[in-house]
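A, B, C and D are the chain letters, set down in written order, and residue numbers restart from 1 in every chain.
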């Protein structure tokens, strides 16, 4: 089989035959590998020991991702559309920082470039291409978005007023040095994270904090309720696969171990 | 078009034409701007650098909100009703602290006035006028209120008894200096916030704390369950699209795959 | 109206006329008052200032609760049943510690008696008599109890194994001095309380801790799901009050603004 | 009744008569006892006082569990299948570490063996045999597994990117010494555990942390929604009692107040 442009496009974009599936698996391994290397490279002890290995691997990964990027630009019919698409930008960000470091001679800019190299972790987003099953969740979230926005706005109003109140009541001596810090504390508390880096020390402050916590406990139900009721409504497309369809009356969603259609009584 | 009183009232109270929408947008920008300025003004470093700018902006915001308040008082047919309404009080609190500071010469009262100036953040509540969509959430919460009250009462009983128990078991050496502090700790723990400013240090205390935490984990389900079931019950207008209507009796909201109306028995 | 034994029993046990309602309100005030006094009495600063007042109030409360207890024992037909019932024991525990303190001369026993006096806070449980509306929640919880027990058992198995693992991996240097302490930490983490009094410091320990946290995040859904689905099934008795009943066919739970019965079509 | 091999197999594997139930109860007591001893043995104070008692108990438990293991291997028809099954491995792990300690003379290996002895706590898993009621929960979890996996993958992507961002913004001075540590912090925060061992100290870091927390608060709804909707779908056998069955077509689970079968239209 000759490697025509059409054949290569099939390998890169499709998932149906041996060659294209191998391409996918290799890409998956590369993505995971490069993200793991970038992550381990940030650990001081590991960099001092395996720094050179990490750098060589990074060069290999970047070259391969560059080939992938060039292939995609060359193969796609609509180059501009790909380049400006979400995955086009992710694919570019995954290789750009490496090449940038060669064009920067200035010492001061080196810190910025080193920071940019951490953009390598966005390569993980390249995985999104393989996750079409996430539709169910994102649909439920999208349908609930309007309600969640209103909810978040309400939470932020509470956070603003509570943060101001605690700034007033506790003051800088307990760590509430400004309203933004008070708001940071209110978010830490209302979301039940509770780091404990800033805590109320006066009885009045502890009383107000208790009210905020109970409030958080009571309203944690709201986002859960919104998404739950949205999901309960939505029929799971997955379920249709694990269910029988009646050949007599066409009823869908029948139990996989039912012997007769519960709608028309026809044998399954 | 002449600016009659009726025309101005339209601009201020309605949201249908170009002029009234511009009024709304300007007001929204002013509200957000003034709250952000009040917030940043509380940060010591920013106040020392931009203090004068903040003060000038504050004067501008207050003058504009004063004009808005006078307009609303003048335009509304029922002045007393507006002035004593929720938004009437919010509108007044948003401007009052500024003017108060001029009438206070006494040094000692200055601290109180400075505190009152923080009332400026309540301006955020003025936004509530633009949030009619919050009805769905507030209705679900209102319907669940009776149950949530009983739930909160139960939680407070647990908090009282657990706080007393921990005060008894751990004592002042671990930070449990009184029953109210023990209750504060119990709330921090039961709501899974867990600051860590007070923690049990004796084995018995840690055992009781573990029980409280598992209890909190088990009962976190209750408020969620209450609101979820309330939301699931409430009919979403969206649902009507995904349901059948009986042609015999006109019943709505029937299952999309039902063959007979469960209300009148008519074939669908 | 003469104060016969039957009349007094009506006042004490019923809630229908002026006298019995007054009795209820007075009792509610006494319960709240005595609990608040017991709570404030534990704060060192308040006791040193208002100690005598607190003691006098305590004497008054105890005398009144003693009268209530004697009345209930005298009025009830089945004395033994009342004395051994839940509220009978609560009513006794609410007054017993006070009288015990007179019969103890030994210095060493005084600490125990002082501790016992804290039993006064159980008076809050006397409020339970007025909360018949809690049925809905307790029924849902009872129906879910079997599932929640299995869930808690699973959680405890995870806690045991994770606590042992962390004790092995982190060791005493990070605060994991024994398996029970490791289990305490695992509960603190799995319930998302996260005090921070014991935290992993080795990379391996932090990795295992991350797994525990994600596990906790994923299984927090289980108790919520259990109770939610139980509540969604259960019909709220409250709803019947806010609904219409069809006079033609007797159908209950109709919408408050429906004009025709959705069951039989009869006019409402 | 003679103790034939068949009779012993009945006692060991079944739960129907007096002898087999006694066997079960004895085994349950042994499992709980051995786990409690292993747990208490790890507490330094208790080991120094009761060390010998713990060791004798441990010998007794191990001998009895060894007899149980030999019995099971002997009685089962398919020895290989049992030995390689989940419970076969658990049963072996429960006794192996004890015997291993006799065959190790080397001082250095002693630490490893001491660690292995903690494997005794896996004996708790032997309890799983008695928990067939857990089916409802594990079925709901299994059905939701695909969605929960996607959800966890999304969470890990957020964790990777947020951890990198915080490593960049906060740096080693606040404890963010590497990307893995940043990811550990992101997991601690996103799951609302919030130990507080690493916390952001710069305003920008606190702002990003606030976003992560609100994100965590909003998406905590997702796993809950997934499992809740799965459980609500699953028919509870209990429900059948509170529902009608159609006498015409035999359809079960019909609403208790429906007048016509929604399946066949027959009057109920």
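For the reader, a short list of remarks on this structure follows.
Going forward, a residue touches a chain if its C-beta (ideal position, glycine included) is under 8 Å from a C-beta of that chain, and two chains touch if they have at least 3 such contacts.
The UniProt protein names, listed by chain, are A, B, C, D = Ion transporter.
Predicted, not measured: the structure shown is a model, and the values here were computed from it.
Of the pairs listed in A-C, B-D or A-D, the one whose interface repeats that of A-B, with over half of its contact pairs matching by residue number, is A-D.
Chain pair with the larger contact count among A-C and B-D is B-D, by C-beta pairs in contact. Judged by shared residue numbers over all numbers used at their interface, subunit C (Ion transporter) and subunit D (Ion transporter) contact each other through mostly different positions, with under half in common. Computed centre separation for the pair subunit C (Ion transporter)/subunit D (Ion transporter) is 29 angstrom, with centres defined by C-alpha atoms.
Annotation: 39 Å between the Cα-based centres of subunit B (Ion transporter) and subunit D (Ion transporter). Contact with two or more other chains is made by residues 151, 180, 183, 192-196, 220, 224, 226, 228, 232, 263 of subunit A (Ion transporter).
Note for the complex: subunit A (Ion transporter) touches subunit C (Ion transporter) at residues 192-196, 224, 228. Of all residues in subunit B (Ion transporter), those touching subunit C (Ion transporter) in their complex are 146-147, 150-151, 153-154, 157, 160-161, 164, 167-168, 177-180, 183, 189, 192-196, 199, 203, 206-207, 209-210, 213-214, 216-218, 220-222, 224-226, 228-229, 232-233, 249, 251, 263-264. Touching subunit D (Ion transporter) in their complex are the following residues of subunit B (Ion transporter): 192-196, 224, 228, 254-255, 258-267. Touching subunit A (Ion transporter) in their complex are the following residues of subunit B (Ion transporter): 35, 38-40, 42-44, 115, 118, 121-122, 124-125, 127, 131, 133-134, 136-137, 140-141, 148, 151-152, 155, 180-181, 183-184, 187-188, 190-197, 220, 223-228, 230-232, 236, 238-239, 242, 257, 259.
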